[in-house]
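The data blocks that follow each hold one structure.
Two complexes, one shared chain (subunit A), two partners (subunit B, subunit C).
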Partner chain A sequence: MTTQAKVKPSFEAIAWRAMRYSGILLIPLAWFHVYLQDVIVGVHAIDIDYVALRLDMVAWVVYDMALLAFAFAHGMYGLRQVSFEFIHGERARRNVSLLILGLWLVVSLIGAVALIGGARPELISH
Partner chain B sequence: MLVYLKIYRYNPEAGRNVPSYDTYNIEAEPTDRVLDLLEEVKGHIDGTLSYRRSCAHGVCGSDAMRINGRNMLACKVLVKDVGSEITVEPILGLPVLKDMIVDMEPFFDSYKAVMPFLVNDDIPADGKERLQSPEQRERFDDTTKCIMCAACTTSCPVFWADDQYVGPAAVVAAHRFIFDSRDQAGDDRLKILSDHGGVFRCRTAFNCTEACPREIHVTQAIAEVKQAITS
Partner chain C sequence: MASSVSPIKTTAAGYVGYQGREGHYAFLLHRLTGLGTLLFLLIHILDTSTVYFFPALYEHAIALYRSTPFMLGEIGLVFAVVYHGVNGLRIAVTDLWMPKRWAIQTQRKAVWTTLVISVILWAPAALWMLYNMLLHNHGINILPFIGTH
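Moving on, here comes the complex of A and B:
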């Protein structure tokens, strides 16, 4: 059967698979985030000291970076799909895809920098 | 029963440049088909009404149209199943030529693009037949049922907006040969379908599965092709 042979994966195939894997990861990441912030801690108990304490732990920084990058990637991938309904030229589609990829990268990097930088309660006057 | 029939009309050659609807009150039996109502209008009320029909028994796939907003074969759907107020319109996503007749060329172009034919240049072992086990035949049985009516493709919201997407029917046609143990061009088809107009444009809306008059599991077939590409 010919389907046993390997087909060189296209960008579309790689992107589709990446969305599936990151989508599976997003389920526990997003739900535990909601459970922690809304149930265990409670939104009214979240203040700058709590944020600073949390961002002092590398594991939480990595967790939040993954949540931001994956969730935002899904939003951007969806935006790309929607944009293809209005943009039909091959070159225009490639440019829009690159623009969206760049936007995802920049926003994710800014988020990562903010998370790594952490919170500084001493700068907030109570 | 009295059926209130509302029919989409468009005929630029006769000056009806703007699509509009004609309405008719037709006496019908609940077991009449919607095609019977159209035949009644065309035969006895307005001979200019145009639609495709051939076998009238759900085999040729000529009379796919939107009936009360859903893609169906007019020859398969009964009046009792759609009620006494029936709206008949052409399928979406293909240019309307006249009334219910659409230009099927873009649909067939997509079909042809996926090589919907058996490719095997080897001489069979016995010189006559390429044998296949029942299990191997079963693997692609579902997608052999396609009658090319375009009900699936023209129910797909991605196809409506993106003329580069090959559409569900073309994927079904490709599936039929990709998973055929006798075929040798599966990789070529997978390559075509992994491109930007291929299966990864599918957003799994399931409209195609719902619309298929042959009850082919179209969305599942698309998912199997996606898996064959990525596995």
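Moving on, here comes the complex of A and C:
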């Protein structure tokens, strides 16, 4: 029998689990997205009217929002982990973490605003 | 950091020089596909956001994605997302529910299994994307029994 002291899990330990659970979630979420848009529909059939049609449906906005939240957070946290293998100083690690956090927040916000706002093909003057 | 050894050089040398066979190659490929997909995702979030912020720019972005070099990149991207997912599932399931299976012999086989599954899932998609690329960009139909659509 092993006895384990109960300690409050650290941020790194929670993130370690989150990487694994979010990864499992991303299999249906990311694969379906990529196969649908890039393989079945294909880039030659995608234009702004197609995007507008899609983002008029609440279900797709919710789906894309989940993808944006989980895939980008998973990837940016992974980037932090990789960078920590090259950067060992405490201050440097803090700076890199803040940089990645900032980039993640800004790009996520841009993506979220666009998803909620939807496509605006009516603004294109021909 | 008081060390005189550069951690960047040490880490990079370890990636290249470590002779860990299957497990090491899977680690490198997982990392490469993860970072590659992330780079694509970052660009993709920003270019898709133009539909709201600068709608006139979107058609330029999509024209770029339709070009042959980009379509070849997309075929590679599909492999990256598929392989990273299959291999990530191996890591997640073993870590969370069967850590006893972290034995080198077991994992050597599992690494090959992930590669085979990835290629099986990727190949039909790759063929279809190649068909579309050659048809739309070069007027070549490599699947004549399907016709043009």
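Going forward, the second predicted complex is superposed on the first by the 114 of 126 C-alpha atoms of A that agree within 3 Å, B and C clash if a C-alpha of one lies under 4 Å from a C-alpha of the other, contacts with A are read in each partner's own complex, and residues count from 1 in each chain.
Here is the rule we go by: a contact is a pair of C-beta atoms (placed from the backbone, for glycine too) under 8 Å apart; a residue touches a chain by one contact, two chains touch by 3 or more.
None of these values were measured; they are calculated from a predicted model.
*Asks:* Give one of first, second, both or neither to describe whether A:107 is in contact with subunit B, with subunit C, with both, or with none.
*Replies:* After superposition on chain A, A:107 lies in contact with subunit C alone.
*Asks:* State whether A:52 touches subunit B only (first), subunit C only (second), both chains, or neither.
*Replies:* The answer is second: A:52 touches subunit C but not subunit B.
*Asks:* Using the touch definition from the top, say if A:93 reaches subunit B (first), subunit C (second), both or neither.
*Replies:* The first partner, subunit B, only.
*Asks:* After superposing on the shared chain, does subunit C or subunit B touch more subunit A residues?
*Replies:* C
*Asks:* In the superposed arrangement, which partner chain does A:12 touch: subunit B (first), subunit C (second), both, or neither?
*Replies:* Only subunit B is touched by A:12; subunit C is not.
*Asks:* According to the stated criteria, A:85 is in contact with first (subunit B), second (subunit C), both, or neither; which is it?
*Replies:* A:85 sits against subunit B and subunit C alike.
*Asks:* Show me the subunit A residues, by the header's touch rule, that subunit B contacts in one structure and subunit C contacts in the other.
*Replies:* Shared contact residues on subunit A: 17, 85-86, 88.
*Asks:* Using the touch definition up top, name the residues of subunit B that touch subunit A in the complex.
*Replies:* Interface residues on subunit B, with respect to subunit A: 136, 158, 161-164, 178-181, 183-187, 190-191, 194-196, 198, 200-201, 203, 226, 228-230.
*Asks:* Note which residues of subunit A are touching subunit B in the complex, please.
*Replies:* 1-3, 5, 7-13, 15-17, 81, 84-86, 88, 90, 93
*Asks:* If you look only at subunit A, which of its residues touch subunit C in the complex?
*Replies:* Where subunit A meets subunit C, its residues are 17, 20-21, 23-24, 26-27, 30-31, 34-35, 38-39, 42-44, 46-48, 51-52, 55, 68, 71-72, 75-76, 78-79, 82, 85-89, 107-108, 110-111, 113-114, 117-121, 123-125.
*Asks:* With touch defined as at the start, can you tell me which subunit C residues reach subunit A in the complex?
*Replies:* 1, 3, 7-8, 11-12, 31, 34-35, 37-38, 41-42, 45-46, 48-53, 55-56, 58-59, 62, 65-66, 70-71, 74, 77-78, 81-82, 85, 88-89, 91-92, 95-96, 125, 128-129, 132, 136
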